[in-house]
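Below: one structure in structure tokens.
Labels run A, B, C and D following the written order; every chain starts at residue 1.
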């Protein structure tokens, strides 16, 4: 039976203990349910608040912790990169390099990621259609790297809302790439007066079930033992102990479809 | 086991033979799959092209044919109404009165439909959010009629496209009404230069599966033995012999979810 | 020199004194500035809250007061209609029949309005493009009535906002109709939780100036001596004593353009 | 009298002769009309097609030509940058550094641009509201650089269209920055099947006039002696000999407003 895969983790590398808590818990659930699992954490957030330069110890530490999770649990790991210069270093640790949605049109970034030979996961820009993601796929394949994943994460729908268009799942699969549904960032409520993105975590299950039913190959969910204390994106993260029941529902749907 | 229900039929009452062909075929499939079935056909199209006045023989004939299907097959039937004046007459034949999306804010129409005592199925306006459909439900319930259904049919997304927002399914269920996904009209491509609404029939299955997975109580699909010859909305109708395989997939998903 | 014309008044017929206050004040300003003026008030609001049937005394009274303004001040008047049945009666009093935006696709309503021989002002639906308003114009002209005005009033932009697309001004003028900018309803914030449409009255001037600069033939502004006490749409009405300074600015722009 | 300023030039540095043709012609017109003029050309296009790395001779040549225009005509010049690493080099030649719309949330880029001490012109992202551009302004001002310009260039409106929301002009002015209307890129039609962005050049005047009437401090127009032969963005460029008549109209409007 062909399961979907899961990309999950806390939003950012907050501290080592958090990474272990999440990795261990999600790995246990995924083993039980026979779901391939990729551990995710960002080691920096370039489009959110100011941070020190890439070569700083913060970045190195973040990547090293990601590498430690990979070794300790034998899990593939993924992180996002923001400039071409970061690609090679991040690729030493990460199995999948994720391109942020705002940057999905930056040719230099896409080709630098492609050149590492790692899997490249391009998030669909909030301003891009599924069919137009063909051009991102082409830029990576033209570097000789055919390991591309595309991720749906919602489209601009007025200033303060995003909408997930499920037509994008078959449309992006037509480019020959597996498609992931990002159930966390698709629920963002951008452009809020306070500068903090709001959210609707109770709708995570709705987005995930629709994605599985429409044939998405992967699900992306940020999770935290206590989202109210998360340092980033807490508004949309799934509480860690709610992940297993949701995955059980998703597995039922996918098994019924492939039976 | 709790199945979803199906509202299906040709878009308009073209001729009697067509109604029988569709009703018989869909009824057979629904019996086999244990899906409650409501036959649908419009007897007029007020918002599309000019037609003669309501009392004309065209309208009466349309309604009479709908009544004949109801009697012959023992099926509940539904049709849409466009003015308060049509409600009582249509209610003599139809079990469910459907309120068109453009008209979901017309108080007189909603209350006239409510006053017939029939089930009222209000389609969400392309300019209305799921939460705001509460006010349509309230207008009907305040007439003492609590038999309300709400139908998602897409939201304005630029001038020439509609997008289905699956958050509307739980949001509209919160108003205490079963929710139907209209897989036909949600795929319209409005405001085309020629005045004819385009479409994407190959995406009908995508919309329907996502709706079943997110808990919709009903599915609405227009179907025709030969959509290329249909007199209205052919661009988005499902070919009749493709309906059974789609329903089989939907039944699998729903059964897996309720098992 | 060719001025723009102004359609202005309170949103609804609240009481006779209000109509006189507004008509007198706006007429004085328009005479001074050489702006053709059409007095506007709705005698009912079909798409907002429940009201008694058309033949009720409320409606008749509303229309009669409109007629009284017309006689007293020698002003053309306009009001909106919601069903074909209302057209003939409203046409006895009103020089311009206004078709609400939600109803701009209802063929019966458009043709009934056209048949009165009055000028028909069709508001662009929030879900319609400027180019597609050609079909509304055609429906009226095909009845032998070529006196059509088109009004821009914003387009659905996410659930809780409208956006004014100024491309619609030349696009709609291409249909051979003068175009009016509705500076009041374009600022609505629909689908608010409380069911009351919010607004941004401080932006009325921004919308009006852009319309004049892009060649709109008319400006529509709802005005009230004290918007905070208005019974409808107070959130977007212009305070009566702010109208004259705004019109002065608009006249300067238009005169510079036609000089 | 307070005129608006103009940022204009060909889209990219195609060859030296083109730069001279455009600079000379636009400078003549702007002197005659008393409009401050900033020459613009991109020396690379990071988000469009693959290009060699920054230190390549192509980039240096592009910047050198920009510098030559500046010297020859005594004009301030502007160009866009795409990574933090480009800021310092570009600042040697350009008086204004332009941040592309897709990158308006990239903190490292904004702060690197700010650190050069040059004027920073941030284009509003297609996914960002005018009020939320406050955060871009803050990131620059927090580096001790208060010379910020904001540019409106349209907002995502469905997949294949952009809409200009003129409310953004006063909303962005409220952040204490002059606001420019980009009349070229606001007319893009993104996500077209062929990967080439379409356009509507005949609407350039509509966008520009509305901007001047709503108080924009600047106008941005790409222009080319023969847009049909331009190497980039030809679909939306204004033919060079149509620029003077448009500017004359804009000057009339602005003078009328400030008289």
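The working rule: a contact is a pair of C-beta atoms (placed from the backbone, for glycine too) under 8 Å apart; a residue touches a chain by one contact, two chains touch by 3 or more.
Being a predicted model, the structure only gives us computed values, none of them experimental.
Separation of chain B from chain C in touch steps, taking the shortest path, is 1. By number of C-beta pairs in contact, A-D leads over the other of A-D and A-B. Each chain gets a centre from the mean of its Cα atoms; the one farthest from the centre of chain A is C. Each chain gets a centre from the mean of its Cα atoms; for chain B and chain D, those two points are 48 Å apart. Per-chain CA centroids place chain A at a distance of 33 Å from chain D. With centres defined as mean CA coordinates, chain B is found 37 Å away from chain A. Contact of a single residue of chain D with at least two other chains is seen at positions 155, 157, 159-160. Taken as a graph of touching chains, this assembly is fully connected, with contact between every pair of chains. For chain D in complex with chain B, the touching residues are 157-161.
Against chain C, in their complex, chain D makes its touches with residues 155, 157, 163-167, 169-170, 200, 203, 206-207, 209-214, 249, 252-253, 255-257, 259.
For chain A in complex with chain D, the touching residues are 46-51, 53, 82-85, 102-103, 105-108, 111, 125-129, 131-132, 134-135, 139, 142, 155-156, 159-160, 190-193, 195.
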